Amino acid sequence: MPHLAIDGLNASYKNLKVLHDICLDVERSEVVSLIGPSGSGKSTLLRTLVGVNKPTSGKVTLAQRTLDYSSASSLKQARDSMAIVFQQYNLFQNMTVIGNVTIAPLKIKKWQRAEVEEHAHSLLQKVGLGHKLKAYPDELSGGQQQRVAIARALALKPQLLLLDEITSALDPELVGEVLDIIRGLARDGMTMLIVSHEMGFVREVSSRVVMMDQGRIVEIGTPQQIFDAPKETRTRDFTARVLSH
Amino acid sequence: MIETILSEIPRFFTWPNLVFLGEAAGRTLMLSVVGCLIGFTLGFVLACIRQTRNPWLAPLRVAAIAYTEIFRRIPFLVILFLVLFAIQVVAPNASLFAIALVSVTIVSTAFLSEIVRAGFDSVPRQQVEAAEVMNFSRWQIIHMIVAPQAWKVILPPGFAFMVMFIKDTALASQVGVVELTFTGKILSNRGFSATLTFGTILLAYFILSYPLTRLGRYLEIRLASPRH
Amino acid sequence: MAYTFQFGQAFIHLPYLLGGALLSLEIAFIAFWGGTVLGLFGAYTLVYGSRLLRSIVQGYVTFFTNTPAVVQIFFLFYALPEAGIMLSSFTAVTLGLVLNSAAYLADIQRAGFLSVRQTELDAAETLGMSRLQMLRYVIVPHIARTIYPPLSSFFIWLVLGSSIGALYGVEELTGRALNIATSNLRTIEIFLVVGGIYIVMTLAASLSLGLVGRHVFRVRGGLLR
């Protein structure tokens, strides 16, 4: 049984249909990467999975439970075991770094304060922000905010982690650090769905790669299949274009 | 004409008259401040209702929107008369001040709820989405994330509205509340020159309103600077 | 507590009330255009005038925006006769509203002037436009876009504000409602109907002003504000 099963998912913004019949399974401890040109619907897919956008039709099953996006309790239960890092970080501007990371575990999950804080400290240490605990988001660079957002997601101890272009705002010298964190998570068996343009990283860390274009899945395969022997011309064009710079 | 006014001044600015004016000014200020504070509380509730997403609460949301649209489109004077006549049916013994206060509250609730909503809307949607995904309840989102950021946007126009309403409460004189304007009418009826009495009343309003207007500007500038 | 509504009594008077509504709009119109013209001079002075003129106009604006229109009109109505100037109640009310609006509208239009200075400079640099072309294609549209929304809301505010005419016996909408109310026991119904007329009137005004703004002045944003 896959941990996450997406079957015939459709989504739209107002009249614009953005996702067409997306079908994708993610096994437990698998790392699946979404690649594709800008505007192909990668962010929308992640946002729809967590219910920020409502799907117009389709079936999503998470840990053997079929999700009902119109039911508050079903959504709540699903969200309890997932975490997402948004493309624009979306940190709470009125809270410090440590506040951002601890608020949900403390107030929503109602976990023990001592444990939560210890975990938060170690996570922030790991993303290289152990010295910025009391800083506010607007005092941090984009890359630092991105890393806080990662720590905030991990503090929830999710079963499924969705990451949306988490390295696109990073300074080149930080990309490596953040990717190291993700590598570590992959090694530890975290199930992840990742949107990324770092093809080298995608190739290395992914068990499977999904090529998207214009709201559809064009091709799914192992990194070797997608990068070395793509079946579709669109995949070949895209990877060639991205790998060339 | 100038001579008659000048000759009246010693008789006009007597201690009892000044006390009378002072009390009236107090009542004018009270009407606006108390009415707007209650209005702010109720307006805040309306704005919160408008933030809900639950389909079952849709009628409540529609009612909240209808309230703000309707009561920003009826003159304060008409509200005042409506409350005056309606209250005779519900609570015939209500004081005139209470009638005026209810009227101020009805109108200020509508305007202030709109100001609160604009403040809520000023907080980037993405933060709300992030909180939703972490299973924050609607109320937790408002009081932990939206309100702490929105108050800086809400306070300056909210305060300005209250100061502006000080002037509108002059209409409460019409139902017989002895606030500043009514005091002017009384003094004028006692035979004092209308120039002197209404000139003084205008000045009294100015003295109430101007410093508060300045304070409002100052608040606006202070809060505009990005600090925590 | 047992109150039975009888709207029939109020609806009989609908034509009379609608006549009053027309007068309300008329007062709002006069106050708006009178105030706009006076306010334009005021705004021009505030931006380009000499120091003395500037402080006089600023004093005027500060005084009128910090005192109630009702009392200003009381002053015109009761104090001016002491100086030998008698005004009819209609004149006193419209004049008072014009003088009051002039202050607010000077402020609004001043913001328009100030907003142009920057764009004016920017535009002058980039394109080789003649002054007239610049005025026609850059400055006027820019001012219009900046001040149109606050002007529209101010007009709506005036439609509601014209109701103070009732205090002086002007037979605009609220005044007529009072007239009926004194001879009729169905006061609540009458004022509810009057409130409804104000809502319809301002909604129609907001909507048409919003449409004009969107299509003529390219104002962005929602139609109702």
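The letters A, B and C name the chains in turn, as written, and every chain counts its residues from 1.
Simple rule for what comes next: a residue touches a chain if its C-beta (ideal position, glycine included) is under 8 Å from a C-beta of that chain, and two chains touch if they have at least 3 such contacts.
Remember, it's a predicted structure, so these values are computed and weren't measured experimentally.
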item: Overall pattern in which the protein chains touch one another (line/ring/star/complete/other); value: line
item: Reference subunit B; chain at largest CA-centroid distance; value: A
item: Among all chain pairs, the one with the most C-beta contacts; value: B-C
item: Chain occupying the middle, per Cα centroid; value: B
item: Centre distance in Å when subunit A and subunit C are each reduced to the mean of their C-alpha atoms; value: 53
item: For subunit B paired with subunit C, centre-to-centre distance based on mean C-alpha positions, whole Å; value: 20
item: Mean-CA-position distance for subunit B and subunit A (Å); value: 47
item: Touch list for subunit C against partner subunit B, complex; value: 1, 3, 62-63, 65-72, 74-75, 78-79, 81-84, 156, 160-161, 163-164, 166-167, 174, 177-178, 181, 187-188, 191-192, 194-195, 198-199, 202-203, 224
item: Complex contacts: residues of subunit B adjacent to subunit C; value: 1, 4-5, 69-70, 73-79, 81-82, 85-86, 89-90, 167-168, 170-171, 173-174, 180-181, 184-185, 188, 193-195, 198-199, 201-202, 205-206, 209-210, 213
item: Partner subunit B, residues of subunit A touching it in the complex; value: 47, 50-52, 72, 76, 79-80, 82-84, 86, 88, 90-94, 103-104, 107-108, 136, 138, 156
item: Subunit A contact footprint on subunit B (complex, rising order); value: 54, 124, 126-127, 129-136, 140, 144-145, 148-149, 226, 228
